[in-house]
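These notes open a run of structures that come right after.
Two complexes, one shared chain (chain A), two partners (chain B, chain C).
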Partner chain A sequence: MAALTPISRKPFWLVALVVGLFGAFIGLFVGTANGSGPIGAICGAALLVGLAFLYINVLKDERAGRGITFAGLGIAGFAGAGIPGAVLGAIFGAVGGWMIYWIYEGRYRSYLPPYLTAGQVLWHYAFRVICGAIFIFLITPILVVMPLSFNAENFFTFTPEMLRFDPEGYSLKHYRDFFSNNEWQRSFKNSLIIAPIATVISVSLGTMAAIGLSQSHVPARRAIMAILISPMIVPLIISATGMFFFYSQFGNWMESTLGLDKNLVGYIKVILAHAVLGIPFVIITVTATLVGFDRSLTRAAANMGADPITTFFRVQMPLILPGVISGGLFAFITSFDEVVVVLFVGSASQKTLPWQMFTGLREQISPTILAVATILVFISICLLTTLEMLRRRSERLRGMSPS
Partner chain B sequence: MSETTHTGPVLAADGTPLKKSLARALRVEKMRALLMIAPLLLFVMFSFIWPIGEMLFRSVDNREVGEVLPKTVAVLKDWDGTSGELPDETVYQAFTADMLVAIDAKQHTKLGRRLNFEKTGISSLFRKSGRKIKKLDLETDGPFKEALIKIDKKWGDVETWKAIQTHSVNYTNGYYLNAIDMQRTPEGVAVQSESKRIMMTLFKRTLWMSLVITGMCVLLGYPVAWILANLPARSANLLMILVLLPFWTSLLVRTSAWKVMLQQQGVINEVLVWLGLVATDDRLVIINNATGTVIAMTHILLPFMILPMYSVMQTIQPTYLRAAKSLGATNWTAFWRVYFPQSIPGIGAGSILVFILSIGYYITPEIVGGAKGVFISNRIAYHISISGNWGLAAALGAILLAAVLVLYWAYDKIVGIDNVKLG
Partner chain C sequence: MKFTKTLMATTALTMVAGVSGAADMADEMTIVSWGGAYSKSQLKAYHEPYAEKSGVNIINDDSSAEAVAKLRAMNEAGNVTWDVVDVVAADAMRLCDEGLAMEIDADTQLADGDNGMKASEDFGELLVSDCFIPQIVYSTTFGYRTDLVGDTPPSKICDVFDLEAYPGKRSLEKRPINNMEWALLCDGVAKEDVYEVLATPEGQDKALAKLDTIKDSVVWWSAGADTPQLLADGEVIMGSTYNGRLFSVIEEQKQPVAMLWDAQVFDLDGWIIPAGLSDERKARALDYIMFATDTQRLADQAKYIAYGPARKSSAPLVSKHADLGIDMAPHMPTDPDNAKNTFLYNYEFWADYRDDIDAKFQAWLAK
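And then the complex of A and B:
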């Protein structure tokens, strides 16, 4: 982006004010770790203001100034707290050195419209800080869970060893527990049985219905759509209550009349319940994909003698596949994450991973939950990446440039 | 060459009138579409709509009493409970006859449990008396009034009979009355006794906290949506990951993260103590109360607010704002009079979505809410799995469902259900 505003050097008091505040903020943490917060804050502020004064009035060489701050604070950190101290010190030094020149040279103005007043510039950056704080709020829980899952102790906070980056403080024991504990393994297996089967049911029925719904003459389309979307609209607790009544009778009927095994009936109940919950997602994504589908392609195929089934699998399916897969991913994650319905409909032998986590959180909370949570976060990152790639592919197929 | 006159209908290739042929083609097309939809529609009807209907039915269904005590219910109809006198011998005889059948079928304890929801103590009365009534003989052991009162003096209490009489109708409004802290009495509808009054508190709390959560989501979501819509596409896409990642992370993962963070010995309290902002023995209590629920649920529902707001704000032209400013508006005026009104549809869509989701939430309040932060949905779960008062659970569910449907109707009017987008 080209600069919008010609920049000029700023008075020293402005530099001192901003870098002083930044130094005090970082100094507060360093000071607290070493005994006294306020002293740390004052030292941090004094250090940065002093450096700024030196660089501006004595050194007058930006590269040297930034290099000195970066290296100097890194070495100071190393002397104070070893390698982790060096890393944190170097980061602090790099940011501090950059900030001194960023303010002094007036670079913060260069990409803003020239007519802004000082107050507006301040608000511009304050707004960014607020947004940054909200983004941190969004992401912190996930960031906290990941390191804590490697905790060597059975605590839910960062131990002093962890903060010192001492290898002693970290271990994989919660992960080992997850992979060796029978209860966790059984619930993980149950999730891996239930979610894929439920997904296959909702994707196959859902795709067919979505294609039917996208035909030009469908009687009562709105009503049908409302019924098919309803599992997403009705709060889970209500769906679960209704299904609880229904499936207890349905299960009894399957056991007594059809003579099925009790365990198998339990799985069938949960799978059917989850399949219904996944359907709206498949319907929505596949209908959205079909909106851009060029109908003349199927007509051309029919014209050349293909029967409807061949047309579907050779022409239509490959084109709408991204939509179908992302609908399937939504259905999968719905079932994989679902607790309320399985809690009401399933019995103990169908305990899924979220159910196991739920009982763990309610009763004896064990750090293994954090290890499981980290694994689940990893799975959702993979799914998110897949979805994004599919979205781009779908846009390319339709001849749009991916954004 | 003879001249042909086309006075008849236009014909298709096979000789049928074109109109008829087209109508047939349309019919075939409609049938084909319906056939493709049918399996799914039947599946959803069978395993979703039907269960919901059954739940609605259960919220008024009260045939249990009449089925177990058919004779008693018939003769009790003529008894005037308000007179303060005990029913006469015919009622006691009919009751003994009914009970003997019920005890054989092991139905009497079930009935006792049903009536116990209305009047505490009846369950044990039925269970204990059941063993002794079993030994009575209909032919020889009369009169039954004395016999029953000898077995348990509660049978000589007018209130017991009043409870049976009041709850003997086949279809009752009793569960709905209980759901709003009222009760069915022989004298008509009355307010629930003080100790049992909890539902209205929960309904009010559910509404109030959902409003607070929605408000928090608007406050936090608006700046984020704004910055996402106004940054260059590349950086906006990067920041979008920070919104989508929590959105895609398992609900249980986020709830456990908040449990870990908010605990007394949790991350937030430890950091505050470490910084010296809070004394060790004076740690913040931010879990197992309303604060915990609001914090955790705001975080969980925030993406549902940001995404609709973002899609609306993307369509607002930045030139409008610049035009307003060039006409002399201050920053605030330009935002408030030009930008904000255009972003209201996004706020509306996000708010209704978040509100609907939060009034039906169960998992998060259950884990971080404690006693002071639970919602009406937790009460439903309690009645399903612990107390066994399924009728009341169904009635609560029906009320909640009605509220949600009204809100969705509003959502459809304002935003349109077809505009629901994912990811």
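And then the complex of A and C:
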């Protein structure tokens, strides 16, 4: 994008204000880590404002100024806290040096329309800062567990070795533990058995329900819909208590009357309970997809002599498939993440991954949990990527279909 | 002729019944315990040898923390899925009173000691309830960070209450048991009078007032793993937890932590068998208990975790740690050096007063 606005140099007070705030913000963290936040903030602000003054009034060479800030703060960081300090110091120096000239030369305005007032420019950047802060707020708790899962010690702690980037402080032993420990493997296997089967049940039942409810002649559609999605709204602990008593009786009946194996009955109970939790997600996504579905297509199919079942599988299903699949993914994740209901309904043979993590967290704070969490985050990322790709495909299909 | 046939048929039937009777035990059992290093020690010392001997498939459920509530619910729903449950003595008493646990006759249903001593004598006074089969003696005691307490490490329980000599956070369990006793001990109450004082509302206020002096510096824990984590982080300088957890922090994880054995509080942990099991599951559970609480097995557990075996006859057999090769005897709470000043937890007192004092303690916490 080309520059929109001719730029001009800005007064020093503006530079001092912005870089001072930035320096104070960073200094606050450094200061807190070293004992006193306020002192750190004042030092950070003073440092950057002082540098800005020197560069603008004395040095007058941008390249040298930025180089000095970058290298100087990197070396200072190294002297203070080793390699991690050097990295953080250099980053701070690079950003600080860049910011001094960015403000001073007025570059911050160059990509904005020339008619904006100072307030609007301020809001433009404040908005971006707020968005960034929200993003950090959402992602940091997830990111912070990842390096900890490589901890060489059995605690949730960043050891001094880890902070020095010493290879000694890192190890894959928690991942090894996950792949070699029977309990973890058994619960992983259980999750892989329970979640897909529960998903298939939720998807079939949920899709049928959504299609039925989208017919205009069904009486009391709203009431039925409300009942069907209630498992999503009722607090889980209430559903779980109800399910516990219901499925206990149901399980006893299956064992005594049908003579089924105790373990099989256990799996059936958990799978059915999870399917109930997954159905609302499928109904909601499929209903949303059906809104965009052109009903004249089914009439056209009927006109051509297709019976309703053929019409469903050959005409309707391919068009609503993205909705069905994303509902299925939600159902899968619900079952895969679920701990409350399985604690109530399942017995130890059906212990799933979240159950194992839950007891592990309570009885023994082991970083193996973090290793598993990291693995699960990657699985989730893969699933969400699939979801996004399906969404794009559906948009493409819709764009091509005659409307 | 007819008679002979009947006789033969009966004999055959009896024999079949006899044979199947011997093998009439469930081939799968669910054992409930506390998880973590403790479950691991049971796996090594009891489950693995037993599974090898009997071919039974053992499933572990780490739900002991909510054993009482879950057993109640299971009983109500008529679907008890647990076969053997590891609980602390106080829980065993409650379950026994409510009829949720099976009564055990120590002399006929538990193995004799290897020195021929009857089980009732071998366990002695540790058989605190008719349903309870003691397994280990553990203690709740303090650990401290050796690098954060200055030059004179704490040596007495009252150092926990001394903010001047040992400034910094300490972690205490989020319940009145043990904390109230320690507070009174450090408020000048003699050891033998503690429960007498604690039975009165004034005594309870006195204990809470003593706890008040350090309340701002306390981090409250609820799971056994919390204090080890807090100590390893350096977030607290000292904290109470189970001695086996501290052993693991010190010897296995090599953290700069040391034990403060003064006024450690002894407690018991052991097995119960839920009431109302089917005959074959009950037979299996009893067979397991008979095996897992014999002299050698109890001594074996001490190879993996620093808890004292509940049988007198097991004590001489306690040997070295299975992986580290260090002598386990000096790490046992019952070791004479560690047990110089111990505090005996009073079950009857807490059974009677727990609800009242709990309510008072929670109200005090929220203040």
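Here, the second predicted complex is superposed on the first by the 287 of 403 C-alpha atoms of A that agree within 3 Å, B and C clash if a C-alpha of one lies under 4 Å from a C-alpha of the other, contacts with A are read in each partner's own complex, and residues count from 1 in each chain.
Definition applied: a contact is a pair of C-beta atoms (placed from the backbone, for glycine too) under 8 Å apart; a residue touches a chain by one contact, two chains touch by 3 or more.
Not measured: the values here are computed from a predicted model.
In the superposition on chain A, A:P160 makes contact with neither chain B nor chain C. Contact with neither chain B nor chain C is seen for A:P6 once the two complexes are overlaid on the shared chain. By the touch criterion stated above, A:G259 is placed in contact with neither chain B nor chain C.
When the two complexes are superposed, the chain touching more residues of chain A, out of chain B and chain C, is B.
By the document's definition of touching, neither partner reaches A:G35: not chain B, not chain C.
By the touch criterion defined above, A:Q364 reaches chain C but does not reach chain B.
Of the two partner chains placed by superposition, A:G305 touches none, neither chain B nor chain C. Looking at the shared chain after the overlay, A:F245 reaches both chain B and chain C.
By the touch criterion defined above, A:A373 lies against chain B but remains apart from chain C after alignment on the C-alpha atoms of chain A. In the three-chain superposition model, chain A touches both chain B and chain C at residues 155-157, 244-245, 362, 365.
Residues of chain C that touch chain A in their complex: 28, 30, 32, 34-39, 59-63, 65, 73-74, 76-79, 81, 223-226, 228-229, 232-233, 253, 255. Contact residues on chain B toward chain A in their complex (touch as defined above): 26, 29-30, 32-37, 39-41, 43-45, 47-55, 58, 220, 223-224, 227, 232-233, 237, 239, 241-246, 248-261, 263, 265-267, 270, 274-276, 299, 302-303, 331, 356-357, 359-363, 366-367, 377, 380-381, 384-385, 390, 393-394, 397, 400-401, 404, 408, 417, 420-423.
Looking at the complex, you find that chain A touches chain C at residues 153-157, 183, 244-245, 248-249, 251-252, 262-263, 347-349, 351, 359-360, 362-366. Those residues of chain A that touch chain B in the complex are listed here as 1, 28-29, 32, 37, 120, 123, 127-128, 130-131, 134-135, 137-142, 144-145, 148, 155-158, 205-206, 208-209, 211-213, 215-219, 224-231, 233-239, 241-247, 272-273, 275-276, 279, 281, 284-285, 288, 326, 330, 333, 336-337, 339-340, 343-344, 354, 357-358, 361-362, 365, 369-370, 373, 376-377, 380-381, 383-384, 387, 391, 403.
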